[in-house]
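Structures follow.
Next come two complexes, and both contain chain A; in the first it sits with chain B, in the second with chain C.
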Partner chain A sequence: MDVENITLSRETGWILLAIFSIAWVGLGIFWGRKAKDHEGFMLAGRNVGMALGAATAMATWVTSNTIMLAPQFALKMGIWGMLAYSTASFGLFLFAPMAFRIRKLLPKGFTSGDFIRLRYGKPVWVLFLVVSMIYSMAWLVSMAMAGGIVLQTLSGIDYKFGMSVILGVCVLYTLFGGLYAVIGTDFVQSLIILIGIVTVGAVVLTKVDLSVVYADVATTQPALLDVLMPVALLALFNNMFFGFGEIFHNNVWWSRAFAMRGDVSHKAFFLSGFLWFPIPVAAGFIALCAGSLGINVTDIDGVGPLVASQVLGPVGAVVVFVVVFCSLASSIDSLLAATSDLLVQDVYRKMLHPEASEAQLRRLGSILIVALGLLTWLIALPRMADLNVVLFLSGPLVASVIFPVIGGLYWEKAGQGGAFCAILLGSSVGLVTYYTIGWYAASLVSAAISLTVMLAALRIAPGDFDWKLLDESSVNPNHPDPS
Partner chain B sequence: MYAAALCAAVTGGVGTSAQAAEPPAVEFIQPEAGDAAIVNTTGHIDLVWAVRPGSDGSAPAYELEGARSGDFAEPMGYYSGLDERTFLSGLAEGAYFFRVRALDAEARPGEWSEVLALEVDYVERWQVNLLMLVGLLCLAATVGIIVRGSLRAEGSSHRKF
Partner chain C sequence: MTFFPETFFYFLVYGALFWTGLGAAILIFLLLKDHKNKKIW
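Right after this comes the complex of A and B.
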């Protein structure tokens, strides 16, 4: 049992939780009033500008995992570990030109599933939806778990209560406001996250002696300073491809590409990558100070908030609490909204009820947001595994979709068979790698298999896709399925 | 800092007693100590210990010690304090041995636990090099497809769209 490290009183924790819960729900309702129709609810009127666009992308990508897993990476893998986590920003850089292309190819698109269905046909679409739903649930569950863990670490509030409240608040304001509320709260949250992280990083730097930190790490954790540490080197590429897979396939990012104005989407994603890059380094660095500060790490998931709160005292703990709450909220809301959109558009509207009215779609979207929240709560409640396990098990699945997505966007010759086999084989071999070699190689192997299959399919059975089929606004709504 | 925590526990948190009983026996419960060394490929491990069931008394504090040889010729203190677990990382390749014991209210030590042997054996270097090469090729392919595709699409935008 961790008995030495609790920094805030339980009462303070509950008061902070109440203040921010009321604030997010209130702001959600305020911004949500703009959502007059289903498209407004889903895509914020397709008119999001540069500042809000960059802020929402950055805030969404600063998840609780960034605040909690980046320090874990640093503590497990040293300098390379911090950089490995930062490589997730490369996904935002590369998604910038993709967003531009997406807006041009699908001017009236709603979801990433739309693209896959129109580009590759139903079999690939179904496989893609399975991968996307597994990943989205893993991400949601890991964030809900992170919320409970951080509250318990900082204030001693029971994991189950903290996790339930944070998840409930995010469900509530996403329910009221849709993407308008998500993007509006993301803007406020991104400012708080940036200011909070920079402040914590700067204050920690003034409180520790770097030579002492170095000497302690060199004595007790020598491998963390080894530039050739095998696990760390592998994690560098593995995390990069996991990040590519997450961003390139997930509807969280596609919905933002559709929601932003066409002329700003690529700039907004590029800027968000720059804003995001230093955050894991700052969050990771403080974990390396744990040993020299005499802090016993009992729960690796909470090492970042733990060290920050121990160094900075109760005020620091409040700052960490607020930053983590913002990072959690900014990601959970986005994922709830984007995943419910995917289910409403791709499953209900496209598969079950093509004639559904605006009101029916909006009502179903709300029901699905609540249902997803409930499912996440049920899975996260027992806290069966650590954050790393929950999240990285989905790595090989999403990495297998990287090349089918970018091949589908840029290669006329990419076809259905190649994409289907690339996802299936990439995921399968990646999962085998996860269990036989380790999590630090699974996403990389999955991406490599997927690329090989896509390239082979281009040679063996090249397609010839007509890009105009992607624009549903210019063709018959019941246009032929490419399959 | 560990010493400070220990003193606080001994003097403030637990109190002192002239007739304190012998500190109880302690054992590793995760991973469990055994005859064979535990093989680890990552260089980090979560150690959890507790008072051995059936052992009399409670332990106000613990002391965890490690060494690179089984005889603990050059021991290193890894933890001393109230917690019953710790996370160790950055272990270099090779053998490690750990033992833990309870400390009573006056910081008198009990008996050492059974020794936990750990063998850190990282992924083979050739495997790392191969996977790094694969990573570089995949990265080049990803960047190449997106950049080249975007430039081509931009160049032919009037014709295509």
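Right after this comes the complex of A and C.
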């Protein structure tokens, strides 16, 4: 990293870190007081309204990766790169009707694992949990790494210290407040993210002439403006399917569907997609301005924050710092909460200890939030790979789950064998594609294989599922405390 | 090589910034509406 790239003093960086750390932990404790029982802690009382529902879905999906990778996509693949990243919002749009159906079929559901277990049985459930845990850890690690990188780029705070503080703060307030804290802070964070991105973009536009940027890119890197850039077009579809896989399977989104009011969930998810769609372009275009501004990009991981801080000076660096911190926090907290829920409900309660009391579940949930934070910290500490590698390696895994989830929700003839083979074959061939062709085709291939297997299974060995089996509310209303 | 037209580049950047700002306004409006109807949580 170039020392001249640092635009905030280390002291300013630490002060900002301290202010926002105290704010998030304080707000987390404040909202967390509403969590009176385990269901409140996990699902915020199942009564979240439109504003908080849309904001939490949007803020969770605006990860630090969006802020960091969207400029990278712009720099590597130009206009198509930014649009490719925007297609990740289609997952939110398409999850909207699914959220409605999820609420209808599983009125008292807790996790995405609940659905897979009830719908397809134990073998598919175990495979699903493996895929989901690998993806969740990859997402957590990539965000923790992004936090360390951006803090170092902007303020010179050592990667290990910055990454540790951000992760520690998220663990703390998720621990105190559960989903109430996560959703409440997500709303504040979503406003800061949106306003921050617009502010940085608008100020950059006052410093550069877009026609000069366009001419510069056309001269120095014409492929970035090419309407038919093959890799970028592949990336567009790949990213779209990667996004579908991430959202359709992960408990982060299912827990929100369960947490929102029944009449709100589908509208809130649709709105969150609408709010998310322009963000990769708004945050990414500044990377294309680097050449016109004479900025030497030496560390592509941090190109967005670098350009913003170089153009806007210390104030811009502060804004970027805060936006990235909010993006990180809004996603890390959600993943910590949803992943610990998955482990508590699906592994501990369903596999190991069905008679566990509410107090035991709550205590274990807290322990797992801390354990997940520690594991993430250990993996992220050495900063082994670049952001793309960590994130996109899990792409083919989650893409293989898209059609088993859709089929499970809408096709009564979808059965266990087809779903199992679809996930296994889709993941395997997708991973081979990742290493033999590239990340930009892996999710696409995985989803295509998975769909083919599901459709073939529908013809060869159709099932006949009774939708009523998904409703566990009569069996287990609100998980009464046996103690 | 066929380039995206410059006007499209303008439209994309300015449109994305406007749309993002509009998002913030929508969220604030919805929060006030939910608060009025006592439906925040």
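Assume the second predicted complex is superposed on the first by the 472 of 483 C-alpha atoms of A that agree within 3 Å, B and C clash if a C-alpha of one lies under 4 Å from a C-alpha of the other, contacts with A are read in each partner's own complex, and residues count from 1 in each chain.
We adopt the following convention: a residue touches a chain if its C-beta (ideal position, glycine included) is under 8 Å from a C-beta of that chain, and two chains touch if they have at least 3 such contacts.
These numbers were taken from a predicted model, which means no experiment stands behind them.
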item	value
Touching partner for A:Met50 - first (chain B), second (chain C), both, neither	second
Touched partner set for A:Thr220, first chain B, second chain C, both or neither	first
First, second, both or neither for A:Leu271, with chain B first and chain C second	second
Partner chain in contact with A:Leu374 - chain B first, chain C second, else both or neither	neither
Touched chain A residues, chain B compared with chain C	B
Which of chain B and chain C A:Ser190 touches, first, second, both or neither	second
Which superposed partner A:Phe241 touches (first chain B, second chain C, both, neither)	first
Contacts of A:Val281 with chain B and chain C, given as first, second, both or neither	second
First, second, both or neither for A:Ala202, with chain B first and chain C second	second
Which of chain B and chain C A:Met82 touches, first, second, both or neither	second
Set intersection of chain A contacts, chain C complex versus chain B complex	222-223, 225-226
Chain A-touching residues of chain C, taken from the complex the two chains share	1-4, 6, 8-10, 12-17, 19-21, 23-24, 26-28, 30-31, 33-34, 39-41
Residue numbers on chain A that touch chain C, as the complex places them	34, 44-45, 47-52, 54-55, 58, 79, 82, 180, 187, 190-191, 194-195, 197-198, 201-202, 205, 210-211, 213-214, 218, 222-223, 225-228, 261, 271, 274-275, 277-279, 281-282, 285
Chain B - residues contacting chain A, complex	1-2, 4-5, 41-44, 46, 76, 78-79, 81-93, 122-123, 125, 127-128, 131-132, 134-139, 141-143, 145-150, 152-153, 157, 160-161
Residues of chain A that touch chain B when the two form their complex	1-4, 75-76, 78, 94, 97-98, 100-101, 104, 217, 219-226, 229-231, 233-234, 236-238, 240-241, 244, 293-300, 303, 402-403, 406-407, 409-411, 437-438, 440-441, 444-445, 447-448, 451, 467
